[in-house]
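Chain nomenclature is as follows: A, B and C, assigned in order of appearance, with residue numbering initiated at 1 for each chain independently.
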Amino acid sequence: MAIITLTTDFGTADGYVGAMKGVIARLAGSPAPAVVDLAHDIPPGDIAHAAWVIATSTTEFPHGSIHVVVVDPGVGGTRREVVVRARGRWYVGPDNGVFAYVAEPSSEAYAIENERFRAERVSRTFHGRDVFASTAAAIASGEDPATAGRSVQLAGELPWGPREPATGRIVHIDRFGNLISDFPEAEAGRSVAIAGTVLPLLATYENVPPGELLAYIGSAGTVEIAVRDGRADRRLGLARGALVLPVPSESVGQGPYR
Amino acid sequence: MAIITLTTDFGTADGYVGAMKGVIARLAGSPAPAVVDLAHDIPPGDIAHAAWVIATSTTEFPHGSIHVVVVDPGVGGTRREVVVRARGRWYVGPDNGVFAYVAEPSSEAYAIENERFRAERVSRTFHGRDVFASTAAAIASGEDPATAGRSVQLAGELPWGPREPATGRIVHIDRFGNLISDFPEAEAGRSVAIAGTVLPLLATYENVPPGELLAYIGSAGTVEIAVRDGRADRRLGLARGALVLPVPSESVGQGPYR
Amino acid sequence: MAIITLTTDFGTADGYVGAMKGVIARLAGSPAPAVVDLAHDIPPGDIAHAAWVIATSTTEFPHGSIHVVVVDPGVGGTRREVVVRARGRWYVGPDNGVFAYVAEPSSEAYAIENERFRAERVSRTFHGRDVFASTAAAIASGEDPATAGRSVQLAGELPWGPREPATGRIVHIDRFGNLISDFPEAEAGRSVAIAGTVLPLLATYENVPPGELLAYIGSAGTVEIAVRDGRADRRLGLARGALVLPVPSESVGQGPYR
């Protein structure tokens, strides 16, 4: 049974997600694919948020699974509609940066042009329904994604670009207000500095009293900053892009790091 | 495999949606129907919002699919519980206007009275669980909806009633703050007037700079008003019911239309 | 087909729920289990909220169904990960009180220790993915839950402890602002007192004019307080834990009950 996941900024108050599911139910063959909601409350138009969400969730699904991402403020404009092969899975959506963490510019990618992958009449503002849902249904039904259209090179990028060695950036703020960086455990050492504060890397929330800041290796294998039973984003007043830096061992315990 | 979709104002923080899914899982036969979440964050009690959501999404599903709608502020009171045949699909819910866009007063409709369609003990405040979920499960299991109860005529209406020719009304405001009208493309001409402002019909968001108002034919085939990367509802301060009018071609380009 | 439900405080904007679904899709055998979203907007860390939600929804599912609950502010700390047999169903989650309404201290329960029930590498902050999802997948695949680990006694409790006879407490506030108590119909008599106000038990919302307070037996079989087309939580300014008391019949109609 094919698996199709859906990640959108459509929320759960409108009919957009339902319309996509309807298209898949109507077009997909038998046996019906499993359609799985990943996240529909991506902040409207927030491409980087979606990119992180799919990087940390779709990779848990089996190889061959199909992942549709519709965070698409440029719908109907110049960005391309694409299907991408990455991490042994298929990704379907706009080429606007949403695939930046799972794919490379060199990843196998195709423009979605062939009529077997698109609705007969494609609206200008709802490609989630008219292009991406129908493409997912086509792949689930056995169509070869390589026949969707021309082979293309991915162009979408995130605002903060690729990471430099020995430097992390806050790339995601989650529901709990945790600040999640792209700084991998292997480079982080024993303490990190963020916004002028040095924090040792601890194991989990209960290592500090309620209300205290802490740093730890999060579930993505990278440094995270949290406040136990609180919100680190509000405590530190930081937005995405803020730097997370390693602290030389000898500096730790000598007062604020500036 | 039968398909049952769920649209409610129960949100995603309580057990109400889960209870409905449990009833369906318990009562439906084998093979189990596919239970599909359409939208659970319909604003509490907002019948017109639900009516638009199901009109623009359930119609994408295959014929014979079953669509349960529970936005039911009058639960336990005088409005009827009904199953309705419309657009080749089955609709299950309260007769309070939620079916106004998909059904006609003349649509085939039945009161849900028969014990095979209702829980043994029906609460006064949760017909989603005790009447509508069990009805959907019964239909999915092969019960004939025409045996649910007496044939009835639908009575539910929306506040703005049926549309008059050459006049559109804002009937839905979506997650992005887009103002969606019921003014069909065929009647709209090349420009429309809303709240004293004339807007030409453009193709998509990128046809205007960020922050600008635009009008276009939306994914429902009707006129929509949006602000690129912004919210048209806040910009114009409009609520549902506001008029959208066609503009005679000769008036366009001659300053504000009043 | 096995059924696995998911209840979390992960929201619908992050990848956490998706990661759990991915693990289940990857580990569960064939035929794939049905994975059902119960509620993902449990307020962050609100154990009592989750406890009520699962008590009023999972019990509608068939016997043998598997219910995963991840509201786990103490993740990585001292609370145990458990699988519990209660009400003829399996519950999987942290032993922190989330199972207080469905299980007893004497319920059959096992610590989740065996490697067949856990990811190879378990993070310190995301047991939803690394312990609970994998345990659910293992049970769905036919593993005997009794082999998950040592038999244990549940320790988690709710702030308000067990109920005393002839006394109810507000234990849940739902999306509509309704105040839901644990005071059962059988003990409630014909009127109840809350915050110094006496309310007769009525049948449903339409028994009072819009904007008025009312009490009634809710869908859980217990006393609820609501404002028709409004929010009782705001009207009364009450939080969970507030008392709901029976009113002797002779007192009713004699002015405020104090």
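By our rule, a contact is a pair of C-beta atoms (placed from the backbone, for glycine too) under 8 Å apart; a residue touches a chain by one contact, two chains touch by 3 or more.
Note that the coordinates shown come from a computational prediction; the quantities given were computed from them, not determined experimentally.
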Does the chain-touch network form a line, ring, star, complete graph or other? complete
Specify, for the interface formed by the sequence copies subunit A and subunit B, whether it is same or different in terms of residue numbers shared by both sides, with half as the dividing line. different
Cα centroid separation, subunit A vs subunit B, in Å, comes to 30
Set of subunit C residues in contact with two or more other chains: 12, 37
For subunit B, which residues count as touching subunit C in their complex? 9-19, 21-23, 25-26, 32, 35, 37, 44-45, 73-78, 123-126, 129-130
Please output the residues of subunit B touching subunit A within their complex, sorted ascending. 1, 3, 5, 7, 12, 34, 36-43, 49, 52-62, 65, 174-176, 203-206, 216-219, 224, 229
